[in-house]
Each structure stands twice: as structure tokens, then as C-alpha cells.
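These are the structures, in C-alpha cells.
Look at the two complexes coming up: subunit A is in both, with subunit B in one and subunit C in the other.
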Partner chain A sequence: MLRSYLRLATRVLLRRKFFTAVSLFGISFTLVVLTVVVALLDHVLAPLPPETRLERTLAVYQMRFSTRDGRRGRFETSFLLMDRYMRGIPGVERMSLLSTQQEMMAYANGEPMVVTLKRTDADYWKILDFAFLEGGPFTEADVENASLVAVITEAMRRRFFGHAPALGETIEVDGQRFHVVGVVSNVSRLRPIPYSDFWVPHTTDKSGAHRRQIAAGGYVAAFLARSPADLPAIRAEFASRMQRVPIHDDPVAAREGVDRLVAHMEAPAETVARLYAGDDFMAVDEEGRVRLGRFFGALAALAFLFMLLPTLNLVNLNVSRVLERASEIGVRKAFGATSRALVGQFVVENVVLTIVGGLLGFVGAYAVLGALTGSEVIPYAQFRMNGRVFLSGLALSVFFGVLSGAYPAWRMSRLNPVDALKGGAR
Partner chain B sequence: MTRHLLKLIWNRRRTNALLMAEVLLSFLALFGIATLAVYYTDNYRRPLGFDYRDVWVIEYNPKGYDPAFPNRNVHIYWRLFHALEELPRVEAVATHSWGVAPYWVPGGEFRDEVDGRRYVADADRVSDGYLEVAGLELTRGRWFSSEDDVVPPNDNVIVLNERLARHLFGDEDPLGRRLPWPPRGDGSRRPGELRVVGVVREYRPRGEFSAPGNHFFARHRVDDPESNGSSLLVRVSPGTPAAYQERLVARLFREAPEWTFRVKPLAEWRAANHRLRLTPLVALGLVVGFLLLMVVLGLVGVLWQNVTQRTQELGLRRAKGATAARIQRQILGEVAIMTTVALGVGTLLVVQLPLLDWLGSVRAGVFAASLVLSAATIYVLTGLCGLYPARLATRIQPAEALHHE
Partner chain C sequence: MSGNAMVELQGVEKVYRTSTLETVALTAMNLSVGEGEFVSIMGPSGCGKSTLLNLMGLLDVPTAGRVAVNGTPVESYRDREVAALRNKEIGFVFQSFHLIPDLSVADNVEIPLLYRSMSARERRERARKALDRVGLSSRVHHFPSQLSGGQQQRVAIARAIVGSPRILLADEPTGNLDSQMGDEIMGILHGLHADERATIVMVTHDPLRAGKTQRIVRLFDGRQVN
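Now for the complex of A and B:
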């Protein structure tokens, strides 16, 4: 049955080449756009190296405060507070503190060069899964002794040393000379925890204010749980410790009249929702908690809105094709084909069409993603097609096919056989 | 004729409703992107009020500060400022605080009212050299100078841009008028007033593509013990090479070895700002462009199909003496009527935006221009779609149609 439907579908589609071409163009274009969006989402959400343990990672990016006279504000996570109060939460395998990326000037042969610097500790290299091309990470001893050592990316190595190895070379950044101890592959700008060009021990910070002042923010705390099952308990423990932080003892907080400090642990998807939607879809509440449902709901609504026009276009094309085939349908009806069989046949035809369009769309999306990666709009981002993206794209094209095939199929099944045989129908 | 066409359209209402819905959606998509494009173009043509060329922005790492000892930095700041002034290629130096620099989209706007007139304005706090660094054009009164050092600390001098001066005081002389300080909702601990001493022609720090807005400058004293600047701006002699940045930073390091400095020409801030604004426009433009192409091809297909289906009707008309031109007019007329209905509904929908006051900073002129532009484009496109099917319709032979029966 299905085989004969498929054979019929190919026949019909080849008969009217213009219509088929136009439909294919619309379908493949729609799926190019949707697949590119899915691939971008995949790029920010999926566990890609070096973030291979996303499912048991939590992070704290910001703290919000309110004062006695009603002012509110937020700042990037405090190193001191996390270091002092959040160590040793049960269920946490490792905890790392890393600075948010800072752009710094480096000078090579007199030409200014901007490097993105991240200050961190030794556990950072154990939470993340970096592939080292040369050397290795800096160690706990390096961090303790404030050694001027650095891990750099492949791109930095190219910029500073051309194709020569970088190990043991020195780079001057911010008036300090760092010895290169390791070289890693490039990291995408869109992954906030691993992204950087240049990693150094946090103790090399010249002012050292982050270790003295709670108000000196600028850090992110990353937590790796032993297992995903521990996450709720870790969040609860974090929240209860946060409430017990003696914030009134801090001189700056006392001077500013801060009486409440809140922070939340975020799963990676929550961070993405906060960064990309934030207040736009009210994906973040007053206290900074992320409402994931709203974010994905808004995304789905946007995708549906975008698909509306291509769907209508395809529906219109299909309706006129149905009417064109009135006599064929009339014959089948006259010989006793049920409406259901006809609807089934038409939907199969349409799904075949959308899947062919979908495959063309994948080729297009592949090209667009390659161009996006090549254009370096987003530094070091490698957008790729993969199994997840392919499956989501396929699901989308089937959804699209059914959506645009259903109404014309219904119209077809309702044709009066007598009218249909005469070839006239409204 | 029109009534007859309306009747024909009504007879095929279910099919035509879908077609009109498609035209309507295309119109809405086009209108969205056209509004953005017209809005940007309109803003871009207006004067910016400052000169971004040969200006370098020096930022320093805020971690160099110790929030517990804010006063400690004043001396360093003062030394840095004068070290820059003495460099041979530096023509002028200014400090800048509240927000970072031009082309950085600053966060806070001030909202308050003067004599019952509400205003929303951006504000900067800059030192005396900013007039020269930014190349501002003073049209009234005077700019900040050392004579303002002697005014009492709660009497702050400000310079407005002409738009804010006009908004607040109309045709009256703004010089010497006062604004309340601090603006409502700001937690500043220094009550007092702002006194207008001058007016500059224009100042739009958010960049060329942003809507022109109200702005005022407050004066920053380089030796102000309570507030540090957040960046330094220097105007360098034209043609200063980028390599000079290293010497400049080396000089700064001599004064403040523990600080961290970053120099970036304002032109680069500008380029980044433009990328940020234009990338979404280009991406959306491409998507809408392809959507429209898809719709156009789809419409051609559907109209073509319609014509072949209506062989009997059109043939009969030919047989009864209708000319080819009349047949063509009929088909195109039908398309035009359907487009008009769709655009009518679309216009009804989009005029809700100004009625609900959801336009934000988009001016009525921009809104109207984009409406007309997108409606005209849709007419042209649907007309083009109808052209080939209409030509096809004229080729129908009466005999063929009668044979069909």
C-alpha cells in the first residue's frame, strides 16, 4: 500500500515540475532557517568539548543585592564569598572559581593585540575536558605561588609565534611576563565557562582585591556534582548557605546599606536562557531565577510564527494541485476509495515532498553554517551539523509536511465524485 | 466591473481567503523589516554631534580599585591625567564617567520633571577637555572650565544638547535654569541642583543608528575625591599610528604599575556598534527576502493553476466578444482586489502599534514611510505574479472552452 503511494507520489511530483520545484524551494528554505537555528541552539546547549559533563554542572554567575533604602543592583559573583562559604557542599566533586573574561592588551612587535584573559584555579582544568596540543594545565602549586604561567589557545599561538611551538615562550600581558605551559584548542565565544584565549592563575591578579573584598565581583563559580541525582540537594544546600552569609559584617556592604544578597545556581540551559532572552520574555524573575519553560515556550512560538507563512504558501500550492487532480480523485472515489485512503495518500505525498525538501535544506544549512563559521562573526565558534541537529531537522520537516498537507487533503476528500469527474470544482 | 470581480472572488472564497492570508503575512513580515531599515536610515542621516576620528578610549581594570579605599585612587588618577596631557601626540584629554564611552550603549537614563515637564535623558559626566576631545559644537553659553571649581559642591553645572533644551524650556533661554538633583530614583547621596551653563548643537553617544535623544553633560573634576572617572579619552594628532598606543600605555604603567589598561580607538568602538546594529538587520533581511521570493513563486503557481482551471469561464467570455486586453485586466484586477483586501487588513493591524503607543522611538514619519513602502512593494510583487497567468488567460481559445463542455 505504502509502496504504491510512494510510487504514485514520485509520478505526480515529476508530472508538474514547476510546482514541485516551487514547493521544494519553499520547504528547503524554511528548513534551512530552522536547521540553522537548531544548530545554533545545539552549539550553545549541547555537551561539546571541553564541556563534556554539562549534565552535572552548575554555575553561579551573578549576585543580586537590595539595600535598606530600596535600591537594587547586581554584580558578578564574588570570589571571596564563594571561596569562604561554598566550599565542601556535599555531593560536589569539584568547585572552581574563574574570572569572567577580560580583554587585555598584549604587545607583540609593537602592534597592539587584544587577548581575552581568564584567571582561575587548578580545579578548572579538572571540571573541563580540554584537549592539550602542547604541555598541560597549571597546577595547584602554581596557583598557590602566584607563578606567572599561562595556558593559551591555538589561535593565540598562531598570532604570537606563527607555526613554532609555544611551550616555554613568554608573553607580556598587562605588564607581566607569563611563561606558556600549555596550548589548547580554540573555544567558542558562546560558551561562557570555557571561553578564553589566555588562562592564568587567579593569584597573579596585581590588585588581589577579589580575595579581600566581597564587593569585588568579576568571577563565576562552577560546581561539578558527583552525579546528576545530587543536583537538587546541592542547590538546596547552596541556597541555605547563601542565607546564612553574614553580609552585614562586610565593610562595603555595611557602607552601602546592603541588607539582602541573593544568588542562584544555574544549570547550563538556564544560563543560556538568561543570557539570550533574559528580560525579553521575562525568562528571569525579580530575584534572578530563570524560568526555562518561558524561554523554550517563546522559542517554539517564534518558530511557529516563522513557519506560518511557508506553511500557507505550501497549503495554497497543494490546494490548487488537488483541484487540478480532481478527475483522478473522482475516478478513485467512484471506484470506492474511502476518504481516509485518499487523505492518507495525499499526506504521504506531501511528507515525501517535505523530506526531499528537508534533505535539500540540510545541504543548504550545511553551507550556511560553514559560511557562519568561516565569517568568524562569533570568534572560534564551530557550527556543525550532527546527529541531534539532523534528527530535529527531520522531525521539523515531517511536522511541516503534515501541517501543510492536512488541509488540502481534507479538501480533496470532500470533493463530490460527480463534480470531480467532470473536472470542475470550487 | 469591480462588483463583478468581487462576486467572482467571493465564489471562490475559501481558496482566495488562503491566498489573501498569505499576502497579509508577507506584508507583515516586509513591514517589520522595512520599519527597521527606514528607522536606521533616518537616524543615520541625522548629525551625530561629535567626531569619532583620532579619539582613543583608555579603559582601566576596575579591579585596580579597592572599593574600601575609594580615595586612594584620586592621586593616581590625577597623575595619569597629567601624564597623558604631556605626551607629544596627545592634543586633548578628558575623563568620562557614568557609562563608558560613546558608542557603548549606556544603561541608565534619567527620568524626572522640571516645572511639570517630564523628561528622559542620557547623561555623561565629563571633564573640561571633553569639548575638544569629542569635537562638540557649542551653540549657547559656555562649556565647563576651572571657574566651576569654586562653585559650592551641591551646585552642579551642566550643558544640555539642543533637543533637551528645547524640550524643557521651549524658546526660552535655558542658560541659568535649574534641574533637580539627584534625579528621582537615583540613590546618589548628594542632593542639590543642576544649573545649565551651555548648550551644544547635538550629542548622540549611542551612535548613528540610534534614535536622537535628550542628553546632558555634568562636570567631572579630575580631583573629585568621591567619584573616579570610568575611562579616559584622548584626541591624538591626525595620522598617529596604532603602534603609538604601546608608548601611551607604557607611560600610564609608569604612573600606576598595578593598574590594567586597555586602549581602543573610538573608530573600533564605532565599528563594533555598527556590527551589533546591522547584523540582525542583514540576517532578518535575508530571511524576509527569501520568504518573499518563495511567496512570489508560490503565487505564480497558484494563479497559473487558477487560470487553467477556469478555461470554460474565460473561453466563454472570449466567445461572447471580450478582448484579450479585457481578459488580462480581469485577472490582474482580481489579483489587485485580493491584494487590497489583504493590505487593508494588514494596515488595520499595524496601525494598532501607534494607537497602543508601542512605537517607542520610531517617529510617525518613519512608520508611515515604511507602511507605504511595504504596501507598494507588495502591490508590485503581486502584480508581477499575475502577469504571466494573465497572459496565459488571453491565449485561451473560445473553441477550446466550448469543446470542454
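Now for the complex of A and C:
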């Protein structure tokens, strides 16, 4: 029966070309947008090199404080606090401290350029899975000795040195001359932990304030758990240690009257939720905890609302298309079709239509993602179609097809056969 | 309800109601069609002939009274059961053929078999036999628009008989055809009656054609008058 439905669906859609074209345009346009959104989400949320261990990664990006006189504020994570109080949490395999991105003027061969710089430690290269095109990462000894060494991206290599190898070359940043010890593949700007143009040991920071003052901020702490099962215990231990931090010992904190300091570990999805929806959808509570359910709820609601208009349009088109075929419905009922069989037939037809629309949507989305990648609106982002994006788009197509086909099909199945044979509804 | 009646109506009434109007289409209808009988229904336009046929074919439900098919009263049947009964026991031939334009001749004929558990191969084989019976086996892959009116009605008859129903209900089957094509269709119906002892109920305006059937039921203003 399904084969017969599919054959009929193909013929009906080919015969009613205008209806088919209008429907396909609506479906494919909607799915282009949704697939692009899914691909963007995939790009920021999925485990992609060098972040291949996202499922056991936690990070602390910011700290919130309140003072005795009622002031509240937040600042980027303190290197000193993390280094002093958060090392050795049970279940943590590695911990790395990395500065937030800093834009600096760099010179190589007299060529000036603004680069994004990240100061970090040796564990950073063990938590992340960078592909080294030349050389390797800087070592613990380099960090210990404040060696003026740097890892750069392939994009930086190309801009500073053309197609020549960069290993051993020198780049001047912020008045310091760094020797290139490694070159890695480019990293998307949308991945906050691995993204940079230029990495150097944190000990090369001339001021060194981050190692003396909690209030200096400017860092992110990344934690790699031994297994995803350890994450709840790690979060609990982190929260417990945060409560015990003797904040009053810090001279700046004491001077400012800080009496409470709060920070939360975030899973990668929580970071995305905070960054993209923290203010607009209240995805972060007053204490800075991310409400992931709200974020995904808001995303689902937006996707649903976005799909609602073309769905209603398709429902409307389908109702008139189905009623045009009232006589067929009458014939099928007369020869033994149940209402359920008829609903099945028309839903199959609609799902065929939406899958064709979905495939066109994929082609469109592929082109849009290619253009988005090529435009470099987001530096080094590579938006790609992959299995996850394809399956999500396919699921959306089928959902869309069932949603827009079910109501007209149900309405049609309620037609009285005598009226249907006369070509109308009672 | 009597034992050997294929279709039986007892005290059937059909009233169409709108918010402002009540139209009595049939009233006090008692009719029994026996197995293997060929019955004509005659009467002026609007007298309730098609309504009667629709009630006999379970396409509509009476406002009052009882309808039984093959001895089984159907008033308590649900959609699924009525659909199964129509599928198995009843074949319809309509005045305006009602072929599905998007389907080939063979696919149109197969429609009743789609709602039975049957392989595609068996469906195709039975459709071919039914088309052979009406002399159209060479038009299996044609579409309705490529056939004459008489050929389309023959396809409709093939569709009606493909599931081997015990009752054939024909609503003015020659009404849209010229006399020669009409004669061909009547020849097929009489052949089915003679060869396969099909029970046939036919609505017609043509007294000559009605005269060749075994019994004529006459209606006037929704009542049986003979």
C-alpha cells in the first residue's frame, strides 16, 4: 500500500505543478534557515577538533561578587584564586588556566598586524587536541622559565611568513620577541577556549598582576574530568571550595569591602547558553548559574514559531488541495478505505513533499553554509553539513510534513462519502 | 430480517436537515433484494433513487429504520467495520465513473484491493483479470483521460468487480453514455448477472433497460409506489 501511496503522491505532485512549487519554496526556505541554525549550533556545541573531549570538560569564565554596602559586580576569572584553591580537585585529570583573548599589535619582518593573543600553561595543550602543522606546544619548563616562545595558527604563519615555515622565526608582540615553536590549524572564533591567533606562556606577562591579585581577573579555568561521571562531584567540590576561599585576605577585595565571591563551573552547552541567551532569555540566574532548560526551551519555542507560519500556509494549501480531491476520497471510502487509511495516505503524500523540500533545503543550506564560511564573517569558522546536521534537518522535515499534513488529512477523512463523491463537504 | 436477502431495508427513513429546512428523501422504505437478483430502481429526478442506493451501499446512514447486508444489521457498526463490509461485499458503479485521474487504469482497478492484505503481484493479477472481463486488458497502462466514456465506465465496472463483491450497486451506469456504449455496459452487467450470479441493483431512468432486469422498484417522492 505504501508503494501505491508513494506512486500516487509523485503523480499528484507532478500534476499540480504550481501548488508543488509554492509548497516546495515555503518548505525549503524554512528548512534552509533551520538547517543553517542547526549547523551553527553544531559548530558551537559539538565536539570538534581541538575540543574533542567536550563531554568531560568544565570551565569557569567569570566570578560574581557582592560588597558589604550592597554593590554587586562580576569580573573574569581570577588566575590566582583558581591556581591557589582549585588545584587537585578529585576526579579532575587536568586543569589549565588561560587568559581571555587579548588583542595586541604584532610585528614580524617589520609587518604590523593586530593579533589575538592567549596566555596559558602547558596543560592547555593536553586538555585540547590541536593538530600541529609544525613543531609542538610549549612545555612546563617554558612556562616555568617564562620562555619567550609562541604557538601560532596557520593563518598567522601565512600572513607573517607567506608559504615559508615559521618554526624558529621571531614575532614581536607587546614589546617582546617570541620564537615560534609550533604552528596549529586555525580555530573558530566561536570556540572560546581554543580560539586564538597566538599562544604564549602566561608567565611572560610583564605585569604579572594575575599571579598576585584575585581581582586582576582576565582568565578562564578549564578542567578536564577523568570521566563524565565525575562531573557532578567535581562541581560540588568546586562549589564547596569557593565558599571557603578567604576572600578577605586579598588586599583589593578587602579594600573594596567584598564579602562574597561566587563562581560556577560550566559545561560547554551552558557557556553557549550564557553567551548567547543569558540576558535575552533569562538563561542565567542572579547567582550566575546557567538554566540550560530555559535556553533549549527558548530555542525550541523560536524554532516552533518560525515553523508555524509556513506550516499554517501549507495546512491551508493542503486543505484546498485535499478538498479538490473530494471525489477521490469518496471513491476510496466507497471501496473500503477507513478514515485511518486515508489519513495515512495524505500524510505520506505530505511527507514526500516535505522530504523533497527538505532535500532542496539541504542544497540551499549547503550553499549558505559555504558562503558563510567563505565570507569569514566569523573568523576561521568552518560551517559544514555533517551527519548530525543532516539527521536534524531530516527530522525537522518529517516533523514539518506530519504537522502540516495531519490536520488536512483528518478533515478530509471526516468527509461523508456521499458528499465527497458529489465533490464537496457537508 | 429474512434469510436469503443480500440487502434488506426495514422501515428506512432518510431526512436531510439544515438549520432552516428539513427534506424527507425517503420514507417507510421496506425492500429486500435476494441473492443473485437483478433489480432496477426507477422514478423521477429527486425521488430518492440515489439516496436509496447510497443507503444500500452503506455510504450513508438512515435517519430511522434498519439496513442489513447479507443478513447482518449494520447500525451498530463502526467506521472500520462498515469500511470492511463495503470492501468485501459491495461494488459501486457511478454515473460519472469517478476514476482517479492520477492513476493508471490498472491502479484504479486495484483500489478496492489496496484495503485488503494482499501482495502487489496478486493485486495486479486480479486487476488484469477484471479488465479482461470487461474487454480492456490492452489498456492497463493508460490513464482515464486517454479513454472514451464507455471505456472509462468499463474500467469502473472492473474496479467494482475486482474484489468479487456479492452486491453490485450501479447508479445510472449508462447515464453519461451514448446508446451504443450504454448497450455495451448493460451487456457487461447482464453477463455478470448470468455468469457469476451477481446481485445487482441499478438506478436508471431508461424503462427499456429497466425492463430487461428481473424486478423494477418504483419510487415517487421518497416512497415506493409499486
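Throughout what follows, the second predicted complex is superposed on the first by the 417 of 426 C-alpha atoms of A that agree within 3 Å, B and C clash if a C-alpha of one lies under 4 Å from a C-alpha of the other, contacts with A are read in each partner's own complex, and residues count from 1 in each chain.
Keep in mind that, in the parts below, a contact is a pair of C-beta atoms (placed from the backbone, for glycine too) under 8 Å apart; a residue touches a chain by one contact, two chains touch by 3 or more.
Just so you know, these numbers come straight off a predicted model, no measurement behind them.
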First (subunit B), second (subunit C), both or neither touched by A:P251: first
Which superposed partner A:H210 touches (first subunit B, second subunit C, both, neither): first
First, second, both or neither for A:A341, with subunit B first and subunit C second: second
Partner chain in contact with A:S327 - subunit B first, subunit C second, else both or neither: second
Larger contact residue set on subunit A - subunit B or subunit C: B
Contact footprint of subunit B on subunit A as seen in their complex: 18-19, 22, 25-26, 29-30, 33, 67, 69, 71, 102-105, 107, 110-112, 114, 174-175, 205-207, 209-210, 212-213, 215-216, 218, 251-252, 308-310, 312-317, 319-321, 323-324, 377, 411, 424, 426
Interface residues, subunit A side, partner subunit C - complex: 1, 3-4, 7-8, 11-12, 15, 327-328, 330-341, 416-418, 421
Residues of subunit C touching subunit A in the complex: 54, 57, 59-60, 79-80, 83-84, 86-88, 91-92, 94, 98, 100-103, 107, 110-112, 114-116, 120, 159, 163
In the complex, subunit B residues that touch subunit A: 11-12, 14-15, 18-19, 21-22, 25-26, 29, 61, 63-68, 187, 242-243, 245-246, 249, 253, 257-264, 279, 287, 290-291, 293-295, 297-302, 304-306, 308-309, 312
